[in-house]
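Look at the two complexes coming up: chain A is in both, with chain B in one and chain C in the other.
Right, the complex of A and B next:
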């Protein structure tokens, strides 16, 4: 860390004063870069605005094991207690994590007061049960997304704090999603129903167990949340009141940020470490298989939640067939949006070279 | 604060949303009557329709909206002392057999619970703020170099306090069983608050011609991060030893602040910190009343912890910057140090009274180093 000349000029008089007054004061001239003056932009003083000088973008590798803030002056006697596993930038970085984080702060909402709960009126029993079944499913899977990103926080050097901050905002968002769907289950004379009858976690290749951040992100942000985002965006088709519409709309806003994080991270990795692309394709192979089998995809077939969705989309059990056809329309959209995202992330070749899951591709046609 | 996208919507926005939704409906019905007309429809099972432990539950919407605490009705409000399920089954949901375990290590209520967690969660959301736009950054004007350097050094330390909190919560949160979701939800808000504190003090340090200072050696961080025995023990160190110190500094914000921006930063941060402490104390009290020797365990840990806190406070970068700010510059640092001593005395007193409130009396066993700060 360099110290500017002006800084050193502070020292002699101060040192003398310190000695006279039993003060050390050496910290006045032992510090990080001096003379930094970030200016607020039109969105206030953002994380982007303070990326200046040595406080700007971090290096490709981090040797920060003590947890000091990026750009602070390091000392030799500090304890190396960080134990950070992620110290290579490409493992977690993306170009705009700070923008997504700032956006998340601006768009926080309250499930207690921003949802017009009083617009929920008694619904036919089959609809209410379907709604509660879907809510039960979402209460569970939203928490995969609330828990897993959190595990990577303490494992990542604070030199890469921008993606870390974003992941914290995601933990917050997903906590609210868990909470809002639990609230929906109890808002209208229903209750919780059956927990998912398919395995969402605890098996190899699942979001929970990934040992590599990008593997986790490809499953969580791209395939998992991507498919949930499509459904939330189509919430209008399965909402029976303003409250439900609001829930889906606000949750979709949040999910769009989470998915964007995953896409941008994959893109960064593809650009900076193309030698990892083949490995990432393997994760995508698995992810596509899961999308089709649908463990975490509420729009998959033959599950409690897919039947519930068909009832909601059709307008009741008596219109199940029509609802099921709409569910297939949702799936087609999921598949198309997935392809778009993977292309945008820089892995589109799998759709040209025959590698992509054919069953999934059939949905895009 | 209101959500920008949730304010009374102007008609243009509503109209455009309606148009988008209409297009969506049209596209879907075109598909269902076209390509999907002859799609094979599997026989429906609908076996889930009767699978519920309790049906007919309606939570009350109050003046504070529909809160997470209000959902604890009927069987859904039964919060058992032990949660054996090792998956993410929502509390009160109808279980299904054969779900592989995830591996939660904290499954006893006494090891994480606090009755106030649900309310604190909703309060955190209602009181959210944004460093970028809720702080009047333009109110920061040039300061003498020594004062600016002291503010920046203080900010560097407070960033580290926040970072330790983030890493600690990140380590523990996923070990906590899902049956106690109220606590997990609250701790998510605490982590989000800590991220904001990390952010706001960094922003302050980089916005007025200064820059970050020197890192702490890390005695207290090491103690908190390396505490692995249980969440209650970690919480004791995180909230009582470190948390109360951070809180006391924030509370001195009105005299520390050189301008309205800094004042706002401390005012907002102290509100957040008060919530964290409120959970922490409530949980520690709960833990003590449910385990015979917990107070002895805590006393032992505090005896060591107090010495580490005192050692860290002897580092010049901890109290000297406060003294320089209080004194209005290096020349006033001597008198400023008296205010810093008062801050330390307040911290130690608050520490002792907080401990008393959870049933621990350390007035006789307080470590000499900390005792020496009492005025």
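Right, the complex of A and C next:
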């Protein structure tokens, strides 16, 4: 909405005072689009509600190196304050980052007070050790998941603030996951177990070596967090009290948001820069290899984490085989969900042309 | 007053209880925008969530209408009955009857996508607490179960 020139001149008394006292009040006339009145919706006043006029969707490229808020009038002599490497929209954009950001703010929870810690009672030793092994693994993995997005925050132009702010919320989510699993390890007479062999020095660690945001996102949000989401959901099957059940259920909600960010970013990229699809397929090749082998996926085979999961799912060491059977069923689900997410992101051709990892596909059958 | 499950009346009653905010449903929830299908034997329903409310429930005549849902929840009628009874007994789903647990324990899952769009199906995970609180509200509903011709 715009208003008339007369309405714009809101401060005649101030102007008169300025002229009388030789004050430079020219700043009153230097502004972005004026007369904007955002209306709250039934969801409150959201970022979506203020995407109005020239303040709405940004351009495909940004030359904003000064930290200028999107839509604010530029100051010609402003100096550069940011080393914004990400200034092409397709590099980071998705159609609903503002929705996911609001969702994240609303669904925050406290590991200190929202988890009924008093429901944790002494557990058999093998169960407690298995819980602590898994907690050790997740503490480390979530540390990485918080650290990696953090590196991209200061690299993103303020013009693309919606995905940038979502990433800030993800850092908060992952920090909470780190702290809640650390708390679980110390809550019932156990402690941290041995650090897994190659967690952050394997594929998980390589996420942080990404030179490109989409490279990072495909590894972190699609292959990495997609598989951790399954683990969190599975947590409800191996919870022995309401506290553990609450932890896993709330963490799964958070993780699903992060996965959604990755899917929608890949979808945007596939639609706007299809020439980069081959590059993205290469990242997915790597990610799929990691999904079927190695310590970075706790639902893979023959690792300390997978054995801990089998013990928890089976109800103790003596029921290991039953637990392992359940683990393989969950792994099948994990693989199916991954395939459908990649299809949804616009890269489903890899499952038709023989490119996808065949061992991974075998799990889906 | 008791209402029959599955029926449109039952879902309307559930919607009223959920929207009444009388239950403690604040942890880990927020706005939720999703169209959720419910399949119980031959009976099909949709539940519309919008912002902070459940805004509409409908009974479907044709299963092809599930195509419009983000995902749908399908259980054998006996399993729906067990879940609702468990919620009543525990004033909320017990450890073995949460939506997520049921989803994992069934070989084909509880939450399904008619269109196989995982992004839309993932709404089941993103808003899981909201959906759980919705069905937990059935603890306040006097439910009687329709005798269904079930295998």
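Assume the second predicted complex is superposed on the first by the 339 of 365 C-alpha atoms of A that agree within 3 Å, B and C clash if a C-alpha of one lies under 4 Å from a C-alpha of the other, contacts with A are read in each partner's own complex, and residues count from 1 in each chain.
Heads up, the rule we're going with is that a contact is a pair of C-beta atoms (placed from the backbone, for glycine too) under 8 Å apart; a residue touches a chain by one contact, two chains touch by 3 or more.
What you see is a predicted model; the values in this text were computed from it and never measured.
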Fit-or-clash call for chain B and chain C when the two complexes are aligned on chain A: clash
First, second, both or neither for A:229, with chain B first and chain C second: second
Partner chain(s) touched by A:109 [first = chain B, second = chain C, both, neither]: both
First, second, both or neither for A:263, with chain B first and chain C second: second
Chain touching more of chain A, residue-wise (chain B, chain C): B
Which of chain B and chain C A:355 touches, first, second, both or neither: neither
Partner chain(s) touched by A:253 [first = chain B, second = chain C, both, neither]: both
First (chain B), second (chain C), both or neither touched by A:329: both
Contacts of A:341 with chain B and chain C, given as first, second, both or neither: second
First (chain B), second (chain C), both or neither touched by A:239: second
First, second, both or neither for A:73, with chain B first and chain C second: first
Of the stretches 4-12, 112-120 or 274-282 belonging to chain B, the one that collides with chain C: 4-12
Shared chain A contacts, counted only where both chain B and chain C touch the same residue: 43, 102, 105-107, 109, 114, 234, 236-237, 250, 253, 329
Complex contacts: residues of chain A adjacent to chain C: 41-43, 102-103, 105-107, 109, 114, 229, 233-234, 236-237, 239, 242, 245, 249-250, 252-253, 255-257, 259-260, 263-264, 267, 329-330, 333, 337, 340-341, 343-345
Contact set on chain B toward chain A in their complex: 3-6, 21, 24-25, 27-28, 31-32, 36-37, 39, 41-42, 44-49, 51-59, 61, 64-68, 71, 73-74, 76, 87-90, 92-96, 98-102, 121-122, 125-126, 128, 130-133, 135, 137-138, 145-146, 149-150, 152-153, 156, 159-160, 163-164, 166-171, 173-174, 178, 181, 184-185, 188-189, 191-192, 194-196, 198-199, 202-203, 206-219, 221-222, 225-226, 316-317, 320-321, 323, 330-331, 333-334, 337
Parts of chain C lying in touch with chain A, wherever the complex brings them together: 27-31, 50-52, 95, 98, 100-101, 103-105, 107, 109, 113, 116-122, 125-129, 132
